[in-house]
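Two complexes follow with subunit A in common, the first pairing it with subunit B and the second with subunit C.
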Partner chain A sequence: MSIATEREIAARAKRPIRFGVLRQMVDRRSDYLYVLPALIVMMIVIAYPIYYTIELSFFNTPSNLQMKDKVFIGLDNYARILTSRSFREVTMNTFIWTVASTFFAFLLGLGAALSLHREFLGRGVLRAVLLIPYVVSAVAASYVWKWLYHSDFGVIGALAVQFGFTDRPINFIDNIHTVLPSLIVVNIWKEFSFAMIMLMAGLQTVPDQLLRAAQVDGANAWQRFWHVTFPHLKGVSMVTVLLLMVANFNAFIIPWIMTSGGPAGASDIWITQIYTIAFGRQRYGLASAYSVILFIVMMTLGYFYVRALTRGDDTRVK
Partner chain B sequence: MTNSQDRAQRSGSPVRRQLIGYAVATLTTASLMSSTVFAQAVDISQWSPEYIRSIAGTEEVDTAATCSAVVPLDYTGKLTYWWTGPNEASPDIERQINDEFWAAWKATYPNIETDAQNIDYNQLLDKLRTALLGNAGPMVLRLQILGGIEFASKGYFQELRPEDVGYETANFWPGAMKSVAYDGKYYGIPTNNETMGFIWNADVFKRAGLDPESPPATWDDVVTYSKQIHDKLGIAGYGMVAKQNAGNTPFRFMPQMWAYGGGALDEASDTPTYDTVEINNEGAKAALQASYDMYVRDQSVPVSALTNTQNENQQPFIAGQVAMVIAHPSEYAKMVDLAGKATGADKPVADAVVANMRYGLIPKGPARRAVVFGGSNMHFIKPEYVDGGFDETAAKAFACFYNSPEWSTKLAWTGSNPGNLEGFKTKWMKERLDSIKFLDVTTSMLPSGIPFPVIPQATEIMNIIVPDMLQNALTGKMTVDEAADDAARRVDDLLNGL
Partner chain C sequence: MAQVVLKEIVKQYGSLYAVNNVSLTVEDGEFVALVGPSGCGKTTTLNLVAGLLPMTGGDVLIGDRNVTDLDPKDRDIAMVFQNYALYPNKTVYKNLAFPLQMRKLSKAEIDTKVMDAAKVLDIVHLLQRKPRELSGGQQQRVALGRALVRDPQVFLMDEPLSNLDAKLRVQMRTELKRFHQDLKATVIYVTHDQLEAVTMADKMAVMSGGFLQQYDSPKNVFEHPVNMFVASFVGSPAMSLIPLEAINTGGKIALSSSEGWQLPLSEANSKKAQTASTSKIVLGARHSTLQLHKSKESNSVPGRVYTVEPTGDVTFVQVFLGGATVIVSLDPSVDVKSDQEVWIEFDQERLHLFDGETEMALTDP
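Let's look at the complex of A and B:
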């Protein structure tokens, strides 16, 4: 075979790919037309706000100027955020808030799912009861917990005094050291049901015959869980953890209603900080830069989420 | 939150309404002619509880007639309006007056379709900022006194003064007019002026060994009294409020700071320039130290002060668990209301607290006696930022009606004082003085009123930086000096556009 012939073959091999994609698009134009309306709506409600937020992050928006009079300052907003002390504090709070909430909500959800997977009297009632935190409005729950935690007249503090655990009501949310753990407890209470539902669905996929076979082989409960059940839950666990992390990164209602980020910023997380900067201080440019940073983090998490969701799809297609 | 008014238009013959309109217009002319005889401005130089009592009930007004001279009563149009009105924590009488107002408005201008939104005090500013960015603001807005200049400076408000809706600037308190002025122009009409007073529980004072009829004369006395009450009775002495991002906080802390000789800027001086930062001067630090002493050293105030607004102080006060608070005269009405709703064993306690409520002047400091000159103002938003266009005639009719001596007085029934000083001459003012305990105390505080800095950055300074400073010091995150210096740096940065 001559060199020219080899080139021709190589060129031919490439050509169908390029034209093939185009041809496929032309051949399937009606499919694209079906998704076009959704695509247009997404461009308007998602793509444009993202573009505008990124654009705004390069501007200063002083409180005496309208948005149209904003001042271009390049990357100053990013530099200001990344070098500020409050960013480090808020990032640490966000990290603790997200990781602790996700970890414990997942753990509690897993425990509840495993318990409810067995048949026992009253299982249905208990399942419904455990779902209550998930269906209760986050706003209502936050107000209720705020009063339960109240540092002077809260029920929890009063009970602690009555039973002799403490001399005076426990200071849950007016203390910079206890406020974040206290809010995390509320968050875990609110979202562990979600993990429970997801994992209960996952447990349905664990083959009974495998568990029985393991039992026949002499595996104890822990070994059956670790070697049979848990591997089958890996996929759903991954998705649950990622969804919880995304939700916790974006959590606003509980910290805002209960403490507004206080006292002294001890419960300020990224999202509450962004809200305060934007709507309390009207630094829309600075808040946008903050949002872009959060967006990058969320996209990274989203990438792993999609990967976890689509894992095995290619194998199935083949 | 949303309180959309009835949009249905009244049925009836247009000819009949036209005839009524002409008749009212004729009566109006006669009424205005007669009203000029007694419509003299209130003499502010004579301001005292006795003077106010002497003028109350000396003037008859006819609101419909007055407003028909500005906008015919049969005018057909539409109005959108945002304001902070009564909420669940408000006394029943405020909700009742609010209902009466909307009924009267509908009866007077039946053809103006009205969409009114009652928005929470702590949310109105945020909602407005967002709405204006999307050109989705209301036509008319009633905003806390602190908030207006920010929007005026950004060019969102139309120029507006009392003369535009049938009243005279001279009939509004000068300090209030100052709060709607920016760059030499007026952008609003003061709807109500409020100055708070000092409330204490005489029974608690007595049990703590204090004179039950004498409030603390100075802020140092407040610290001492608070400690004595806490040490002797185990309850909170002073109802401190130090929540972040909440207007209640500066309204209670700034009088203390001004009294000690401090200030955010130089707003407490006779001729403020707003270009010197005083939030970390000796007076400001002394005020912050006094708060620190009460919260940290003596632990004589509620632990929950860092997450409390004044609303959260009301229940402990009525339960006899807090002895002293800074509040509006409406606090008495609220307490009467709460006592009325108390049941069982709570009832006698609540009734006793109401009977033992005393109201006095806010304590002095080494520099002065001071109180925030508060209230609200009405503004018109420029047409390009209004959702659905601006109906100028409807807006003027509403502004005339709302700011009339009658409604200016009635809508300020328990909470404050009428923005239109003519309201002090009405029979409703007399009724208020006769029925609301301690009202004359709060009117006596008006001359001690200091407005927040009239600059666009005022909301951030007062709602964010001042509470942050308090929280930084009270939680021990920073020392008093560090917290004050940190606040000064932030104010300085803010004024420099950073």
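Let's look at the complex of A and C:
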């Protein structure tokens, strides 16, 4: 008896909510109408490709692109990828590439933002110079760095010899041990200005008065950074790191142009691997399965990203 | 506690003089209010005393020690900022403890001092909260507490009450005054609310355009403003100023308006008027010293009512007179209407005369 009433109460409590949402949707049907064109475009250019990729990932596809000849093989593609040795290597590379690039790009960006925050002669010029990597096209930068690294004609190798660090030019990107770190350096060079811009914007919002209060309270420059500036940058740092992570997971231009995953797969990351499987070996089904795995990882990251972005809004509402 | 001396301090931003040659002495235990309109250099002056800005010129002495080249932390001062500047990520306890931590006091010492300050300010129950979970008045008390824990020589406060609502401001004003009396602290207090200055301060420093205009007790500043700026800035509503022309009427001076009427001055006032560098004289009068008549009386001059503003206790009437507006306070029972012809009588004992060119107050020769 008492249980029944409780259920009733629960049901009664629930109904108005569901009714409310529906009611709201009906009341605002014209709002949905306004976003309909955008929704349709999104369906065509985003939702359908995603659906098609997922579908293909369950098939063995012929290399001649005659998709009507594809054969359903269930989860075989996934099983194959997840058990292959190269998957483990590529994943390891992707992990190193993403974490190292993100970490150092952020650290360097933070350092640059902090040093540019103070006023000094030539600050504007230096800021402009440090922004160059961000505005240079990734393709052009990759070619330039490829030449800088070149084992015979590379400037870096030549300088190393000149200054007596080595007696032979270093083989940066033709060596399986140095290729990934070398690419990461290029990536950091390309990305740190982005972190710098974000953090410079963040630094502008640190209230002057707080820093002054800390100064009166006896904090030295480092203590002021640690107790005032850094906590203030937490939000923007979170967002910056997540954006960098996502960008690095999806990185293609630099590794593809500079090494195409080589030598011997030493610089292969997920995206270059997928590209090779799909357009090098024409195995679309397998590549699709790979993409789906990447998609799931990205969605997980994206979830945290959006949460970090909207966290501020929530607290404001509270 | 200690005396604070500012010697000809100057702060320049490019070609702008934010603080221009300001000298003043704050005696030990004195409460000095720094007042002036927005942008006149109050905050800058305070920051110079605190050592938060590099000075262009001059010296600052705190308790016989020249601190001009010392860091803020070595000046033995505490500062309360306009919007409190509490560390948002720290609890109230940690906010209070921070200046002590930075001075490397032991945990036990910090704890006693924080608890003492918290008790004085009645914020013990708030110690574990974050600043954003506090009301404006509570934040204000925490900010005060953070200054208090260190037991500094001088307290510098930059509009600490400006973010509070009117009622809380009055309440905190009393508390601050009490706090000053109990601690016998030397306080320099920036405000643009002159009521705060008048009610709390032993002395008032009126600034304008980077210059120190007048430095005296609130009573003297109110009764003997040195120039037209101070006269119009101090007092609420402000002193009415009427630009007139001095004419000599056989030994005595009368002030003549463009509207044709003349106001003969008393003997003492005539002498003052004669010291002016020009015939242009500005007549100043506070609302409470003026009398309004509904019909013509001797010694009164004609005007026309512009607006009537009842405030409850008194009614302020703005009257067009001699090309200026004059504010008169009336008993609310007196009935006047806009556009009504009225006659205003000046109190010769309590009116002010200013030189129309130099804008300085005319005093006895």
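The rule we apply is simple: the second predicted complex is superposed on the first by the 300 of 318 C-alpha atoms of A that agree within 3 Å, B and C clash if a C-alpha of one lies under 4 Å from a C-alpha of the other, contacts with A are read in each partner's own complex, and residues count from 1 in each chain.
Note that a residue touches a chain if its C-beta (ideal position, glycine included) is under 8 Å from a C-beta of that chain, and two chains touch if they have at least 3 such contacts.
These figures come from a predicted structure and were not determined experimentally.
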Subunit A as common anchor, with subunit B and subunit C clashing or fitting: fit
Which of subunit B and subunit C A:176 touches, first, second, both or neither: first
First, second, both or neither for A:207, with subunit B first and subunit C second: second
Vertex subunit A; arms to subunit B and subunit C (CA centroids, nearest 10 degrees): 140
Superposed model, subunit A: greater residue contact from subunit B or subunit C: B
Subunit B versus subunit C as contact partner of A:216, first or second or both or neither: second
Partner chain(s) touched by A:28 [first = subunit B, second = subunit C, both, neither]: neither
Partner chain in contact with A:266 - subunit B first, subunit C second, else both or neither: first
Contacts of A:88 with subunit B and subunit C, given as first, second, both or neither: neither
Contacts of A:280 with subunit B and subunit C, given as first, second, both or neither: first
Contacts of A:227 with subunit B and subunit C, given as first, second, both or neither: second
Subunit C versus subunit B - closest C-alpha approach in the superposed model, Å: 52
Residue ranges of subunit B in contact with subunit A within the complex: 125-126, 129-130, 133, 150, 153-156, 236, 243-246, 302-307, 315-316, 321, 456-457, 459-460, 463-464, 468, 471-472, 474-477, 494, 497
Footprint of subunit A on subunit C - complex, ascending: 47, 50, 52, 71-73, 77-79, 81-83, 85, 87-90, 98-99, 102-103, 146
Contact set on subunit A toward subunit B in their complex: 60, 62-67, 146, 150-153, 169, 171, 173-176, 258-266, 276, 279-282
Subunit A - residues contacting subunit C, complex: 207, 209-210, 212-219, 223, 227-228, 231-232
